[in-house]
Amino acid sequence: MSIYEVLQIIVPSAIFFAAPLIFTALGGVFSERSGVVNIGLEGLMIIGAFVSVVFNLTFADQFGAFTPWLALLAAMIVGAVFSLLHAVASVSFRADQVVSGVAINFLALGLTLFLVKKMYGKGQTDQIQVGFDKIDVPVLSHIPVIGPLFFSNAYIPSYLAIILAFVAWYIIYKTPFGLRLRAVGEHPMAADTMGINVTKMRYIAVMISGALGGIGGGVYATIISRDFSHATISGHGFMALAAMIFGKWHPIGAMGAALFFGLAQSLSIVGQTIPFLKNVPTVYLLIAPYVLTILALAGFIGRAEAPKSLGTPYIKGKR
Amino acid sequence: GCGGQGGNNAGNKDTFSVAMVTDVGGIDDKSFNQSAWEGLQKFGKDNNLKKGRGGYDYLQSSSDADYATNLNKLVRSDFDLIYGIGYLMGDAIKEVAKQNPKKHFAIVDTVVNEPNVASITFKENEGSFLVGVVAGLTTKTNKIGFIGGMEIPLIEKFESGFRAGVKAVNPKAKVEVQYAGAFDQADKGKAIASSMYASGIDVIYHAAGATGNGLFSEAKDLKKKDPNREIWVIGVDKDQAPEGMVKVKGKTYNVTLTSMVKRVDVAVYDVAKRAKDGDFPGGKTLEYGLPENGVGIAPTQDNIKPEVLKAVDQWKQKIIKGEVKVPTNRKELQQFEASLK
Amino acid sequence: MNLNRLNQFFVPVLAVLLGMIVGSIVMIVSGYNPIAGYSALIYGAFGDPYYIGETIRQTTPYILSGLAVAFAFRTGLFNIGVEGQLIVGWLVAVWVGVSFDLPKVIHLPLAILAAALAGALWALIPGILKAYLKVHEVIITIMMNYIALHVTNAIIRSVLSDEGFKSQPIHESASLRSDFLDAITYHSTMHYGIIIAVIGAVIMWFLLEKTTKGFELRAVGFNQHASQYAGMNVRTNIVLAMVISGAFAGVAGAMEGLGTFGNISTKAGFTGIGFDGIAVALIGGNNAFGILLSALLFGALKVGALEMPSSAGVPTELVDIIIALIIFFVASSYIIRLLLSRLQKGAE
Amino acid sequence: MEYVIEMLNIRKVFGNFVANDNITLQVKKGEIHALLGENGAGKSTLMNVLFGLYQPDGGEIRVKGQKVNITDPNVANDLGIGMVHQHFMLVDTFTVTENIILGSEPTKGGTIDIKRAEREVRELSERYGLAVDPTAKIADISVGMQQRVEILKTLYRGADILIFDEPTAVLTPQEIHELIQIMKKLVKEGKSIILITHKLKEIMEVCDRVTVIRRGKGIATLNVSETNPNELAALMVGREVQFKTEKKPAQPGKPVLEIKDLVVKDARGVTTVNHLDLTVHAGEIVGIAGVDGNGQTELIEALTGLIKAESGTILLNGRDITNLPPRKIIEAGVGHIPQDRHKHGLVLDFPIGENMALQTYYKRPYSKRGILNFKAIYEKARQLIAEFDVRTPDEYTKARALSGGNQQKAIIGREVDRNPDLLIAVQPTRGLDVGAIEFIHKRLIEQRDQGKAVLLVSFELDEVMNVSDRIAVIYEGKIVAIVDPKETTEQELGLLMAGSKRKEAGVSS
């Protein structure tokens, strides 16, 4: 295999692998930029996966090819609503945000499996029949070299994820909303004295994270697992959390980190087929993505600065 | 000193009750747990048993630590025969069986040497051999894939039988083997499938549980994109034809070439029946292979060409007659491959 | 002051009650009988010596993983890697249990210490990266979990067994099991690990609250700058905190290896005990005594839940919902406190 | 309509504590009105009520004659009230412009119009003479400039009633001078100012009237022209206060600290201490005077072992302590009152009693064989709390809950009690009221009289002149002059600090 052929395998699979992580990590960026730790990303993905699959199974006949899109919409809405729990607990009730996030994870898993049992009388759903199609992007996929790498055999949601990262960057760094969001996460009291409603901003941010986490889970379920069970989302939310921190709480950084994970993952898969790696025991390839991440962090990425007031509830009048 | 008066020979009671403990997959895992439960249900129906205590029942585990607890619960509920489903339950069955020597137990997929335990194993290698034959004769690219869940002896058995089957009918074909390291990572399954299909592989067999979901998803998406492309999945454990259905512009295709079925239901039914009839095979290991109909090729065979089916049948007979000994691990596979030359 | 103390005790209890109440609402809404559900739950957790034994067995590793998480929290670190440290602890405990033939008084402690050391070493890496390169411990520990899982599986396959999926059983001399416990709990899998777990809690309390080193670790956890000004070595303290946390996690693994299972099998996924430890620690207020109680709560809920489907027809997942609700209520103790103080004021 | 602001009988209660007990404050249009009171008297609380951060429990507020209900800062903004807070309300990672426009951003098609914003900020800063760099990050600019940003924030919102809560506590003399000019300019533009400060001199210099409060109660409102500092201090503290701390002449002994040819680089690698020489003797207080940013921070950090010196030596009692770890230096006999008490001085979440053992916890009797002896620790804490008049409910109270002055007293108690040969005090009285300042100065002199060496770093020329026996002027990382406080003037010091060479007294060490 030539390097180019290898790339042709690695790159598309890295991108689809990364897509759910990108959505979810972007959600994390919004929440944490506003100062609310969101360790509940895993739970939000679970909710999204569940909703999108149930929606898909229920309405595929009515909506046909639109089903997966509407399912993502549903996952987004339910994810946002579900994340309200985290917002209420950690913003209004001044709960420890880590605790509340852990509760979100427990609740999401328990509730969705409970509902699956209730609705279908079994521990997992059937397979959905209408998913997203693999496409070759018109025109772009014909660009020599780049086309086959980046614009062939891909899913639209993957591109949406990447586009969304740039949109998020724009929102966070270029709009009044973003400025206020960051201010609330860095110095809520300063924001308060400037007439910004800290509570409202944090609610919005947490709900955005719920919406994006929901989409992330939905994309995962729709493109990858195609059904929902206890094992559908297993650690992906934590990987998204890692991507967010790896990306230094920056949307583009988070996207880059998620793509890095995807790349490392598919490298380790393709590695098994590269002749001179053939005799390397499988375990080295299995751990390669994680080791690579650690090396990258230790080697050249360096320290990350979290938003200053991350994790502290804002209490008016308290220094 | 635990509850109940039961414990003498179960066959003598007027109602015979039977139960099983599943692993975390539960009774609808589309795999061996589900199959086992189907066997029990059939047994229950055939013998007019009710679901629940005194009839037939199951308990689901939510972690490895629950196996012994659940088995004990069933012992204390006084079931006459108790199944542990899956190789992971071996230790727990052994322990509980020792503690309750008068109770009858059965374990699926591994061997427990206790006088009151019947061990049920399958010759997955034989069934895999047959689908290997299918793969070897169906491939156009002479490139075939195998995706394993975890690298454990059980899965190696699938791998070795499959590779032997391919080699036996198509020496030119190469089998690419990858292990995902888990049974529940569909994303990894999809990534592996994606890289395999991209490298020209056209038939992939999996023994990877829910990781295999990713394989189906990838195959279907590729098929949808290009219905003319011939790519196939070979399913495992149950008939996975429903998983392979894909509709393109009103036309229905199925990427499932066939499946290697493992009839846990047959074995479970069988052992329950024998226990009821007072013929409990305690201390014995029952190996279900091709002759016992314990493994085989799924009934959905629409995608297999008739001549291939014919070849499958010939090999099946050879195996049943003992003319071919199907390897169970990689070492035996090497010997087998050498013997072909 | 006195009222505060009382509240400190009442708030978690109230949180548990509230969680149960909302849980019963969920049951009613979804058509189950909450009384039957909870009876089954309680019976399944404490109904007779067998169930009590199982509950204690389940509680044991929860205590230790909770302590591991809490120790890190108290020293300013978030150790999501308890799961991985637990797995390597389990592996090494079993390895020692299988490979040596020694008198019990030496073998058992040796196996436990080896597990502690393994967990500590596994935590050393994120500790060093955090202390010297300021790399966020959360990512590194997440990554280390996966590495632990795969590496352990590979070692089990190639070293501890002959290409099989599980190790040999450990020698009797390294086992925490006993015929006595087996007899009094009607063959439950309970083992002497509970004593070690309780000792662990005492050690953590003593270490943090009473010792000089604990003072330093807490100070560094709260304010690195001030600690450095006061002459403490911030870096070594960070590494040490992580390592001690990892040691607790390693011992939690030893409980599984030397007690519950007596061997180690290749793992298809995480045990969950490490992640549950986060919840245990948080419900227990990151305090050693609180963790004993919250681990017991967790253990009882998890073991009792197994009884719910067969006796009351209630899915076990309901327990996860109840646990989540309890965590929410504990987390929102501010509101509960507020309500309590309103009530107290009203009563005056 | 005489008053722009009338706060009538304002009451504010926290729990059971009455922070504002029916205080009345009336501000005339175009005046600078001082609000004076001890630490914790309730000044900030009153102003936070006016700014809408707190809701009063009683009383009424009128703005320009209209009764108003200021429910949040937005309402205050609309009423033209702006506040420069005691603790800066600036987002460190934002630029000057971003901080100023936050909450009322100019936009163009949904995007922040940053170009326009920068232009507006620049215009505004030129108009009021508030020099700032609109594109600089807050983290990178001086405290003085941060203060100007705070003022610009209020002006940007069109405020014509400005509240300054202790604006000068963190400024250097030059910056204070500039600020005073700015305030004068603002009133000339028709704005009204409420100024909170502990520095009576400033009140005398710029204010028209002054309202004094004590323990939450209004005491008096006076015309500045009709009062004097002594009267104000007495009103505020409730007793006579000495401004000039009494002290005997110094009796310098052997050298305790000898710094020779010291070179230190800051975090960015810039050499900020540049071949510095300085000696401090037993029994004397050496004050370091200098404009912020001339190497003071790095000098102190090198002395205390927090950063490494590039070259040169530091001797303590003749022993080389250069680049030893902090603990070794502490044990060698160095005490340190850090500039930032929250960040470096205390573990705010520890009880105040344990904070007092922050350096000694590992020694007998506080620790035996690795086990802490809390009895001994808290006994010591009780003794220090009594001795240093730390006002706290008890020794188990978290340090966070103490007021700044009391936190500072606790730190000083802790450092002095260790009986160090060299006591380094950096800005020890920042933000404290005259009573607390008096107390702390007395303690420093007491140390000197016991034969200790004291190195005082302060931006307050008053303090340096008052307390020191010798003044070392630092400029661009060097000691450029050593002067005797009795023989110099503030003007002369100011010139030296600005880098002008002194003819007679050359560089000495």
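For reference, chains read A, B, C and D in written order, and residue numbers begin at 1 within each chain.
One rule holds for everything that comes next: a contact is a pair of C-beta atoms (placed from the backbone, for glycine too) under 8 Å apart; a residue touches a chain by one contact, two chains touch by 3 or more.
On a predicted model such as this, the values are computed, not experimentally measured, just so you know.
Trainee: More C-beta contacts across A-C or across B-C?
Mentor: A-C
Trainee: Counting only Cα atoms for the centres, state how far chain A is from chain C in Å.
Mentor: About 28 Å, centre to centre.
Trainee: So what's the Cα centroid distance for chain A and chain B, whole Å?
Mentor: 34
Trainee: Let me have the rounded angstrom distance from the C-alpha centre of chain C over to the C-alpha centre of chain D, please.
Mentor: About 47 Å separates the centre of chain C from that of chain D.
Trainee: Among the residues of chain A, which ones contact at least 2 other chains?
Mentor: Correct list: 231, 234, 282, 286.
Trainee: Return the residues of chain D touching two or more other chains; collapse runs of consecutive numbers into ranges.
Mentor: Within chain D, no residue touches at least two other chains.
Trainee: Mark out which residues of chain B touch at least two other chains, giving numbers and ranges.
Mentor: 60, 151, 181, 183-184, in rising order.
Trainee: Applying that definition of touch, give me each pair of chains that meets it.
Mentor: Touch list across chains, by label: A-B, A-C, A-D, B-C, C-D.
Trainee: Write out the stretch or stretches of chain D touching chain C in their complex.
Mentor: So the residues of chain D in touch with chain C come to 304, 306, 325-331, 336, 338, 343-350, 354, 358-359, 361-362, 367, 370-372.
Trainee: Which positions of chain A touch chain B when the two form their complex?
Mentor: Against chain B, the touching part of chain A is residues 1, 5, 8-10, 12-13, 16-17, 122-124, 127, 129, 131-136, 153, 220, 223-227, 229-232, 234, 236, 265-266, 269-270, 272-273, 282, 286.
Trainee: Along chain C, where are the residues that touch chain B in the complex?
Mentor: Residues in contact with chain B: 50, 54, 57-58, 150, 153, 157, 163-166, 169, 182-183, 186-189, 256, 260-263, 265-266, 268-269, 271-272, 302-303, 305-307, 309-310, 316.
Trainee: Which of the residues in chain B end up touching chain A in this complex?
Mentor: Residues 24-30, 60, 151, 176, 178-179, 181, 183-188, 190-192, 194-195, 198-199, 210, 213-214, 216-217, 220-222, 224-225, 242-243, 245, 247 of chain B touch chain A in their complex.
Trainee: Once bound in the complex, which stretches of chain C touch chain A?
Mentor: Touch list, chain C to chain A: 26, 30, 78, 80, 125, 129, 133-136, 138-140, 142-144, 146-147, 150-151, 153-154, 158, 269-270, 278-279, 282, 315, 317-325, 327-328, 330-335.
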